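In the two complexes that follow, chain A is the common piece, with chain B as its partner first and chain C second.
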Partner chain A sequence: MKRKITLTSLFLCFIFLAGCIPTSIIDDILIIEGEGYDYIGNGKVIGTITMPNFVQSGNQGSQGAGMPTTASMIRNLSGKTYDGKSLVDKFQSEGQRVIRPGKIRLILYNKRLAKHGLAKQLTFRNRDPDVPRDLNLAIVDGSCKELLTSENYQTQIPIARYVQDMIIHNNEQNYPDSDLSTFLYAYYGTYMDPFMPIIRKKDDHIEMRGLALFKRDKYVMSISENKAFIFKMLYQNFNQGVYDFQFAPGKHIALRNVHTSVSYNVRNGNSTSPEIFAKVKIIGQVRQAYPGSISKATAPRMERKLERDLAYQAKKLVHQLQKKGIDPLQLGDQVRSFTYHFDGKSWPERYRQAHFHCKISVKIQQTGISS
Partner chain B sequence: MKKINETHTVGPLAAFFIPQAMQIGVGFLSFASVVTKASGQDAWIAVLISGLSTLLVMWFILRLLENERKYGTPDLFSVHYRIFGKRIGAILNFLSFLYVIGFSVAYLRSIIEILQVEIFNQLSTLSFSILFCLIVWYIVIGGIRNILGVCLLSFIYLVPVFSTAIFVVPHAHFSNLLPIFDHGLQDILSSSFVSTFAYLGFEFLLFVYPFIKSPKDAKKWAYFGLLTTMYTYLMIVLLSILFFGQGELQNTIWPALTFWKSVRFPFLEHIDIICVIILLWNLVPVISLCSWVLARGIKFTFPNVKMKYSLIGILILTIVLTVLIQNGEQVKQVGALINNSGFIFIYLYIPLLLFCQWLKKILSGESA
Partner chain C sequence: MFWKKKRLDQVDPDTPVKTIADLINQLKSNPDFTHFKHKGETFTCWVSFIQTMVDVDYIHRDIFPVLYSNRVHNIADAQATLPVEKIIRTKDMAVIQSKLLEGFIIIQENENRPDCLVIPSIKAQGRQVDQPEIETSIIGPRESFIESIDANINLVRKRIPIPQFSVEEMRVGKMSRTRVCILYVEGIANKENLNTIKQRITDLEIVNLIDATNLALLIADNSNSIFPQFLDTERPDRVAGAMCEGKIAVVVDGSPTALILPSTIVEFFAAYDDYFLAWPIASSYRLLRLFAIAFSAASSALYVAVLTYHYQLVPKDLMGTLIVSRSSVPYDPIIEVLLLEIMIELLREAGARLPTKVGQTIGIVGGIVIGTASVQAGVTSNILLIIIAMSALAAFITPNYRMATTIRFIRFPFIISAQILGLLGVALCFMAFVCHLIKLTSLGRPFIEPIYPVRVTDLKDAYIRLPLNQQTMRPLFLRSGDAHRSNQKRLLAKKGKHSPDIDE
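Up next, the complex of A and B:
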């Protein structure tokens, strides 16, 4: 009897104490997948959110003769608010169901907001525990609202997934990794600056437009896709990138890298003009070439040309970055890692004076099945 | 001396699982950002130093307990009674009770705070700690063997949690570790000091030791347990430095949780939530063993009180103390308090106790 009472009271305890917490049943919530912010000046933005639109089919197996298929949830919301406002809170009153930010895949900013500065957005994103850190960020050349809410894409897949797919597969090729976690790493890191890709809506599809480079949280400059190869070559080890090399006017050769590795060395890190040595090894293959420009025998000659060109481009890029005073390649961090008692205070001054040396070795592994 | 019934003893492997389960609680979640505060990329040296020093403390503990064996039950309570007499011994026992309950409350409240911040914003501290203490009550009432079982399970459940560390590798910035030894010894030692909280817990062997069946074999397992913990913590610190870098680490309260947010599986979302829930299980042995130690201590001091009844009082006290800690800042303060008192306990008090024991032996040898 006593045992029964104990067990019953225990059981009741579990019942009464559990279930005090509101639930989030996946069919009954609106999951935000994409967010977009368009700056309109004066600290105001137009925020846009998109939710996946699960299509509810009518009669199963009726081969189109049954009920028409309907979308069961609203797809997007947009409105004016201040910079740094959580769009989840902003649009909660307009949502069909509860809006939850648990699976944001994509956050877009327009160029004007990026120039204005993303500091408020980033601190807010980094503070919110609901938001995953594997989401992708991008700058939109044009209007985020238009990109996110447009109806005339070729694909039916929710727009956030479409854009994320595109960015992720490009990150495996010419573009350096750029999810929220890498962005915040560079944003909060000392002696480095972040970057993110630029995308644009072009008629019925979306395209990558290059890489946007930041100084702290402010957009400073952009580099093109071909330059992104140079950037990535100096930034991380990678493969599957394509570099289009114009060796003579109107004559192109495309180097597809099988593997690229980069290593740094630094001398005189605490002097007024530190010397940074980058050593890049590229193993590549050629698939596209101007007729008669390359064969197994002439490959070494082309390799030398490529090396000279890549080294020149790399130096030009770094010089450009130094002039702007931005460091997305994290050269400052490289210098720090090679220098004991690194003098961080004077680094921004010394960064402009730093000498960048680049040694590139290209090896063309194969030139295709015909010569 | 009352002989412990063999059905209540545990095998020598307990010396591996019990310290291990007690050490790896919630400390390691915030560990990386705390230790890197003073010594930056050299924090792993600090973690290594305090890990090795725990081996030394373990040697002291085992020595102390082995010396005690010929006089009676080899646990801290009896040591206090024998060396300092009944009155001072009781006071010292009471102080160690305070430490144990503080330990248990600090752990329970920390995980509740993480749950409240990360997953369930509306979670009430009271109802959660009541539910949790019900589970603990059920385990402790089953005896030390049950607790050891829970320790073993928590070890097994932690394996998938720690194997998520593999996802750091593609994002590792190895230059973050350089230059090595850029910080002075003082910075490194102050990092070692704050990492004590994560390492605390192995000293509970002081209370469990008489229940281990063949203590000779248990010794090596005790050291293995500590080495495993040290390895785990070393990996956590190294990987956090590789993944985050100094700038971001100082900005993050729980680096491990933040890291789990960037793990991506095609078929699973929000690994961080899954891992936090697994960590809850990790806390069960900690609270269970603390409550068991307290109940045993009360029985030792007042032999008439049955463990069954004192346990209920202890759990109610745990719940009350847990509810009294109201916000994150207080959780931090309690953590710091346990860190400091634990530091004094293991690095100063235990060697002192060993010295007293030796002194007592000399003195009584002379008088005899």
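Up next, the complex of A and C:
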């Protein structure tokens, strides 16, 4: 009997306290989809948030029954604040309804903020439980505010979705996977540095501009889209990337990889100049070729040429990274995993001295339907 | 004071009236009670019967001519010459009284002496064996039980014509004296189960037993549970099939359904059609039903939880549709859902209660007027209308009607807990139901048996139905007298040496 009373009162507590839980009813909140930060110097940023407005085109359901639509009406807000401030809190006082960050898909930083350093932003992001981990980050070549609030795009879909779709489908091709969780992993992990894609508003559309590489939280250098293929090749196994190879002046061949696998081996990991061996296997098909440059018979010759070129490019890229002292390919982590009693303290110096060897084997499986 | 008022003298029909004269006096005033003295040349007797209960044609044709003939000199002669089997000669007042009231004829030599013949002449009245209406099937037998217990036993017995088929009869109800028969196959049915069910039925303290489903509620292991613990069916083929597995069937006079016990929860979701289709098809139908039920129980609760608390879970492409359709709705999701759920329940109830001729109107009123109008008026959203309609549809997929009502009922605790605590509430509510189901028994056997406790052999005929030749074991939870249905070794043995080519 006593148990029954306890259970009943517990249950009643649930019911009566239910009203105290803050709700976020889907059409009574402003759902942030994109955030942008433009650094204006002196630790200040211009923050911009965008919210989708779904009922712009009128409500089909009510059919003129006179019901005013109650969904979000505000499209975007922007204002000055210090870097590292939560924009949700900043703009709560300007929101028509309560602003919720649970569906942010996109966070943009301009190049100046990235050079200044994202440390405050990142600690905040890592602390915030409301924000999803699979959102995409990007560096904007230009102004985030302009990119997010511009009205003159060809498409009518919300800008954050537009940009995220673009980044995600490119991540399935030439660009390495980059969302908040991988970025934070590389940022907080030892012997590795993060990266994120660069985008730019170009007239009435947006384009990918390459990959921004970071040293800890600071933007250091960028690599172009064709080089992104080399980067991704050394970074992860992937497929559906396209590499454009200029084998002679004015003569190109484009290879789409059906499968690429990379494996590492390390020798003398604790010596002053560790040797890193990368072995990349590419199976691909020719998408386009200079007339008469490739056939079934000449494919092996082209394969050798490609292998030489890719190996050269890879070495060049790694050498460049070594000179800057950044490690977005996570080579340091590879060395650590191959080395017993890895000496981590001296690694940053030894990284610059490391010898990078790259062995690439290309297999052209198909040269087109009428080879 | 009214509570101190003496209760009416309780009539206990078990105690017979003292003498036969008392009985006749008691009945005399009834217009359908016939009691007269026959005075023949050689034999004089008193005949009494209840006219509405006996087959009068039969009495006139077969009994009276013999009784009135000159061959009969005394009551023993009558017993010998009457062309009726099962004539009882008795002095037992209890027998006389109950038989007389059932439609037997009583023949006495002396009006005041209880020594008499009891001749069966019950009027068989009732509808013909008809097609099943609740558990319809597209293929397979089209017979269903009717209100007569004898016809029902006949329907089952003709499917199991072996001497081990046993029937035990008892009477339930102080006033209704309803005949209840327990059918089982001796040697296969578990003795313990049999004793349990017999004991539960004989221990019943009720006045009036109307129906088998009524009996199912009375003898259930947990009468507070919303889950029906005994399967009720109107298909004799299903009963026969269950009895061959080692289950026990209970039929009640005046009820067109039989109970199968003990039963597990998966049986409530198995249609008998499943056994008439190839196993991959039957299995996919069962899985379809399972998903439909899960959808039906959870969909509206998930709608409430997601739209009230977890906007993060809405896929980005659905977001716009949801917000647009909800933008003109003035209520919270919970009110919206309850409104529509109750509306659907009203429609269903009205459809069930209305006479068939008016029933069609309900479809029009419900589907067109209420559905479309409520969306246009901005009281509910389009998406929710689809979800509710689909979950109502999914609930009716359940082959068993009593289980279907359970599934419909189960939604409401889920919806309310979704409003209280969001998805956590749904999870807690689910947990509560799982705890309840784990503890639930059917005739002392675990109710969710192939799942808990896990019995792999029984899973062959649960969510999926494997080929029939692989189902060589009777269900384990029955603890049947003979665990094996067929000899697996012999079944799977290769026959013949030569395997010819396909067109040989």
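Remarks
Definition applied: the second predicted complex is superposed on the first by the 339 of 371 C-alpha atoms of A that agree within 3 Å, B and C clash if a C-alpha of one lies under 4 Å from a C-alpha of the other, contacts with A are read in each partner's own complex, and residues count from 1 in each chain.
Assume contacts are C-beta pairs under 8 Å (C-beta built on N, C-alpha and C of every residue); 3 or more make two chains touch, one makes a residue touch a chain.
These figures come from a predicted structure and were not determined experimentally.
Shared-chain residue A:333: touches chain B; no touch with chain C.
When both complexes are overlaid on chain A, the residue A:103 reaches chain B and chain C alike. Of the two partner chains, chain C is the only one that A:24 touches; chain B does not reach it. Of the two partner chains placed by superposition, A:324 touches none, neither chain B nor chain C. When the shared chain is aligned, no partner comes close enough to touch A:44: not chain B, not chain C.
When the two structures are aligned on the shared chain, A:161 is found in touch with chain C, with no touch to chain B.
Contacts of A:259 after superposition on the shared chain: neither chain B nor chain C is touched.
Of the two partner chains placed around the shared chain by superposition, neither chain B nor chain C is touched by A:279. Of the two partner chains placed by superposition, A:218 touches none, neither chain B nor chain C. Shared interface residues of chain A (contacting chain B in one complex, chain C in the other): 14, 18, 21, 102-103, 132.
Residue ranges on chain A touching chain B, taken from their complex, read 10, 13-14, 17-18, 20-22, 102-103, 126, 129, 131-134, 177, 179-182, 184-185, 188-190, 264, 333-334, 337-342.
On the chain B side of its complex with chain A, the touching residues are 117-118, 120, 122-124, 127, 130-131, 134, 171, 173, 175-179, 182, 244-248, 251, 257-258, 261-264, 269-270.
By the touch rule above, chain C contacts chain A in their complex via residues 306-309, 311-312, 314, 316, 319-320, 322-330, 332-333, 375-378, 381-382, 419-422.
Residues 14-15, 18, 21, 23-27, 29, 31, 52, 54-55, 59-63, 65, 67-72, 100, 102-103, 105, 132, 161 of chain A are the ones touching chain C in the complex.
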